[in-house]
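Got some structures for you, see below.
Okay, so subunit A shows up in both of these, paired with subunit B first and subunit C after.
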Partner chain A sequence: MTAPKLELVDLYKEYGDGSVAAVDGVDLVVEAGETVALLGPSGCGKSSTLNMIVGLEQPTSGDIRIDGKSVVGVPPGRRNVGLVFQDYAVFTHMSVRANLGFGLSVRGGDRQAAARRVEEVAELLGLTSILDEKATRLGGSQLQRVAIGRTLVVRPAVLLLDEPLSNLEAESRQAMRRELRRLQAEIGLTIIYVTHDQIEALSLASKIAVMSSGKIVQFDSTERVYDRPNHVFVAGFMGSPPMNLVRGELAEARFARKGFSLTLPAALAASAQGEGREVTLGIRPEQLRLVQDGAGTLSGRVALVQPRGAEAVVSIETGGVTLQALVAAANRPDEGASVGLAFDAAALTLFSGETGRSLHGKNGLAA
Partner chain B sequence: MPVRPLSWFLLLVLLGAIVITLFPTFWIVMTAIKPPTDWNAAPAIWIPSKPTLVNFRTLFDPEAIREYGVGGVSQAATMSVLGSIFASTTATALSVIIGLLSAIGISRYSSGGRATPLLILSGRMFPPAAIAVPFVIIFSNIALIDTYSGLIAIYVAATLPFSTWMLKSFVDEIPREIEEAAMVDGKSRLMAHLTVTLPLIRGGLFATTLFIFILNWSEFLFALVLSYTNIETIPVRLAKYVTATAGTLYGVQAALAVLAMVPLVIAGFLIQNHLARGMTFGAVKR
Partner chain C sequence: MRAAKVPILDASTYSNHGQPALQREPSAPSDRGGAKRRWFVRGLMLPGQILSLIVLITPLAVAFYMSFTDWAPTRGSLAAASFVGIENYQELLIYDTRFVEAVVRTLLLAIVCLSIEFTLGLGLAVLFLRKFRGKSLAFSVILTPMMVLPVVVGYTFWMLFQSNGPVNQIIELIAGPGSAPEWFRSTPFALAIVVITEVWHWTPLFFLILLSGLNAVPENPVRAAVILGASPRQVFWRVVLPMLKPVIVVAFVIRSMEIIKLFDEVFMLTRGGPGTSTETISLYIYKLAFNDFQLAYGAAAAFLVLLGTLTLVHILLAPVRDQLLEARR
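Up next is the complex of A and B:
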């Protein structure tokens, strides 16, 4: 069995006096050919993790293995990783060709082979026609392709991209997203995206590691991170708008808080057995359906309608709780109208009020 | 920015400013080619009727001026020209190299803590006259007085705050990521600074070098008090063209001043493209 491409083992990083750990015991295994997004809000430790993988920062403790070998203490240039910076960091005083050839020229070796490799990569990224342009003359998406090409030329074991789409305009974003997907499929690279943008993570990666306060909260396939968040943090972070979360108390199968109550399916309620009475109930906005007042499980009043093209986000007040629902723009109600809310009981998720962890998979409930 | 045609009024103002700025230069160039009779004629002679190069010849051949019946100059200016070239270029090179290393250290690694840049600048907070006398005494005791090594040491110390601060502002402007990118591609830390950042701040480096060179080239006070007979620079020599019989030799003085301007003007023209950007002192962020 071959070793995973990249392994982070109990990685730990603190700055300054050590009172705050930027990266607090991260374990992560990325297999060859996987595309993983490291997703989290700013300050969650994802950039420090990235810098440690690349070698620009040294971990306080823990291990980083690439192809099974520890690279702690190895200088960045010898780790066989590629990094595409958020601002591209293309060498503007050089031509595109010199930029692409930079890594190979630093490493020395056969010049003709290097020149051929540069042509190959230029071909792959559609840069052939601008090979001899100065990098100062290029636009955003071209700069990014140069930055990607520069890392691909040296055939890195792992390619890391820092916020790859954030500096691009909407149109170029679509194109670059397709481009990155195509590259991944064509050359089977192992890619790690570091991003704070969940859309970027959802659209680019096959697996997502959600980070918060220096820890990985959930590492799972993209679909599962979205559909079955294992923590309140992930639930509240993913989705636009994110999952509706309501704190309350559970007594038997009855979920209640001041002015609001709901009877849960028995299986779901059973999952909270022995977890204390405090729970958080979650449901995705797109799982809520608007029905005639009185016809749904809940009823409430439309407080706000935010149209956004084909869909609209509708905020509904019901018993002191505001829930957001995502509906087709054509079906959107008027503000102030009374509506009913219907949903599949299976769409409900329960989180422990104490730890924030999902209660799925507990007490025999299917995960 | 689109170029707007100048209004007549603005054109006049600009012309006025140019005339005022360039008048001293015009006057000194004219005086340099005036024969002794025209030097302090009244009313003033603006453009000499019989231009001559005798003032320039006198710089290197002290007896030349005698053909106009004016008492000769005691010493040729050759030594001061060579002395200025040697002291200024050496001090400028050292100041810019050390300044560049300090700038990288401060900008990239906060070397010495946050107060370092200000501490470096504190060396320029006294008037030079205040520290000139102590330096004369100290340098006498350690045998650095009247030597080029001593003068160069002072020049480097005096200009280092400027070179460090100017270069720091240019290094600050270059994103750190670009060096990190070079390191990920296999360069060492030092080589990343030298092969990536250095070419990018080239304009600023030229501007700083010229600025420091001008400071050293025109420095008078220290060159005067730290020299006796072994060393001399152009500014000191300029002050010595006073004779007992003919008073101040304005023409010869002017000739040396014109000569001293030549390298600066040439350097300025050669790097003027860089200068326009460099002289903004990195004040404009992207």
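Up next is the complex of A and C:
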């Protein structure tokens, strides 16, 4: 059995007086060939985590293992990790060839082998025709490919990309997304994306680690993170618009808050047994269907319609709660109209009002 | 060059594709107001331009004409002087060894001084990238020489190196009486003092320019190099210094223009002596004009220097011209 490519063990990082931990006990295991997105809002500790993995910062405590070996204290250049910066950080005073060859040339060694390796990587990334261009003449996606190639030349065990798509225009973003997936498939790279953009994470990674306040809240496959968030934070962070979340109290199977009440399916209500009465009820906007007034489980008034191309986000006020529903643009109601809301009971998610944890998985209800 | 903004529908965005009317730029304001405004702006600049025409262009034109005559103030007005064509220039370039020597000497002084100033300035600037106690005090102290008048600097160093000055007293204290040299009577020593004075005076300028350049070097390429395995030395020589190139060139351009005009310090220190062995171009032209009253000949020399400086500056700027002129992405 081979060791995981990257392991973070109880990683801590404190700055200044140590009253606040930027990274607060992160555990993460990335197997060879996996693509993982480290996703979180700015200030959640993902950049500190990234810097510790590549060695630009030292952890306060905890361990980082690459290919099973601890790299804490090992200088960045000897860790066998590659990092592609958000702004690419290509050496603008050099040609593309010199950029690609930099990693090998600073290490010394066989020049001819190095030149061959550069050609090889250039071929892989489609840079052969611009090898002798100055880096200042390149556009955004070319710069990014140079930045990726520069790290690939030294064959890193793990490749980290910081916000890889955020500086690209929409068109090249699509192309780069395909390119990264192709690279991953072709050479079996282990890739970690660090991003605050959930769409970037959803489209690039096979697994997502959602971070908040220095902790990993959920680490799971992309689909499960989206469909079965295990924490209110993940639910409210993922999706555009994010999951509708309503705080209230649960008595038996009856979920209630001022002016809003709903009878939950018995199985779902049972999962909350033994918890406090405070819960948060969640449902994805795309799981809400607009129906004739009176025909659905809930009824309300359309407060706002935000069209966005093929779809529209409809905000519906019901019993003092505003819910967002995602509907096809053709079916969007008029503002001020009265509508009914229908949904499958299975689409509902319950979170503990105290800890924010999902109550799924208890009593065998987990999907 | 930027491609026209075309809305592209992407899974990650919800752009309103197919609504080009909304994307169109608002039409440009009519040009009539613009023309009026342009004339107003020109009108504002006119007094300044007239002034510069009177105090700058006219004397320059007069001097340029003068350089083709044999005029001297002892021989009546400039209008009465006879036109000699390029005779002055010929004389200067072919027969006047004192001029040619002054040119070569000034250039050599420039090379030696600028090399030392650059090395010291860069070293100090790199030192200032770190934190240390008393950094802000050291910063002020290092910058001080630059603010002293050149005449004062020249006079101070002249005093320091007098035959019974402080430097010699210290030397005699250590090495015994009679061991101190007569600094200003020996060509190599006199030249060395000129170099020392210049270096002391102008290293702060290199330091200041290079320090601001170093502080502006983007962090990420440096980090990228570190992650790719470059040693601190490799990072400095292969990443930081090349990125600093435009700043270095600008520092060299400013300083070489200044040192070609080197006058005050040499005038105070050696007056060009012993003999003419420390005479710079400026000093020679000054002597031509105000000791020998050969104003026309001096003007020709001055124009040659101007031409030389122009060429030199352009040669220096050539490698970074694109970088400096290129618009920011």
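Definition applied: the second predicted complex is superposed on the first by the 366 of 367 C-alpha atoms of A that agree within 3 Å, B and C clash if a C-alpha of one lies under 4 Å from a C-alpha of the other, contacts with A are read in each partner's own complex, and residues count from 1 in each chain.
Criterion: a contact is a pair of C-beta atoms (placed from the backbone, for glycine too) under 8 Å apart; a residue touches a chain by one contact, two chains touch by 3 or more.
Just so it is clear, the model here is predicted, and its values are computed rather than measured.
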Three-chain arrangement built on subunit A, subunit B and subunit C clash or fit: clash
First (subunit B), second (subunit C), both or neither touched by A:126: neither
Partner chain in contact with A:320 - subunit B first, subunit C second, else both or neither: neither
Touching partner for A:89 - first (subunit B), second (subunit C), both, neither: both
Which superposed partner A:103 touches (first subunit B, second subunit C, both, neither): both
Subunit B versus subunit C as contact partner of A:188, first or second or both or neither: neither
Residue contacts with subunit A in the superposition, subunit B compared against subunit C: C
First, second, both or neither for A:136, with subunit B first and subunit C second: second
Subunit B versus subunit C as contact partner of A:56, first or second or both or neither: both
Contacts of A:203 with subunit B and subunit C, given as first, second, both or neither: second
Which superposed partner A:77 touches (first subunit B, second subunit C, both, neither): both
Contact residues common to both interfaces of subunit A (with subunit B and with subunit C): 54-56, 75-78, 81-83, 85, 87, 89-93, 102-103, 106-107, 147, 150-151, 154
Parts of subunit A lying in touch with subunit B, wherever the complex brings them together: 54-56, 75-78, 81-83, 85-87, 89-93, 102-103, 106-107, 147, 150-151, 154
Residue ranges of subunit B touching subunit A (in the complex, touch as defined): 175, 177-178, 180-188, 196, 199-200
Residues on subunit A engaged by subunit C in the complex (per definition of touch): 54-56, 75-78, 81-83, 85, 87, 89-94, 102-103, 106-107, 136, 147, 150-151, 154, 165, 169-171, 173-174, 197, 199-200, 203, 308-309, 311
In the complex, subunit C residues that touch subunit A: 8-17, 218, 220-221, 223-231, 234, 238-239, 242-243, 245, 323, 326
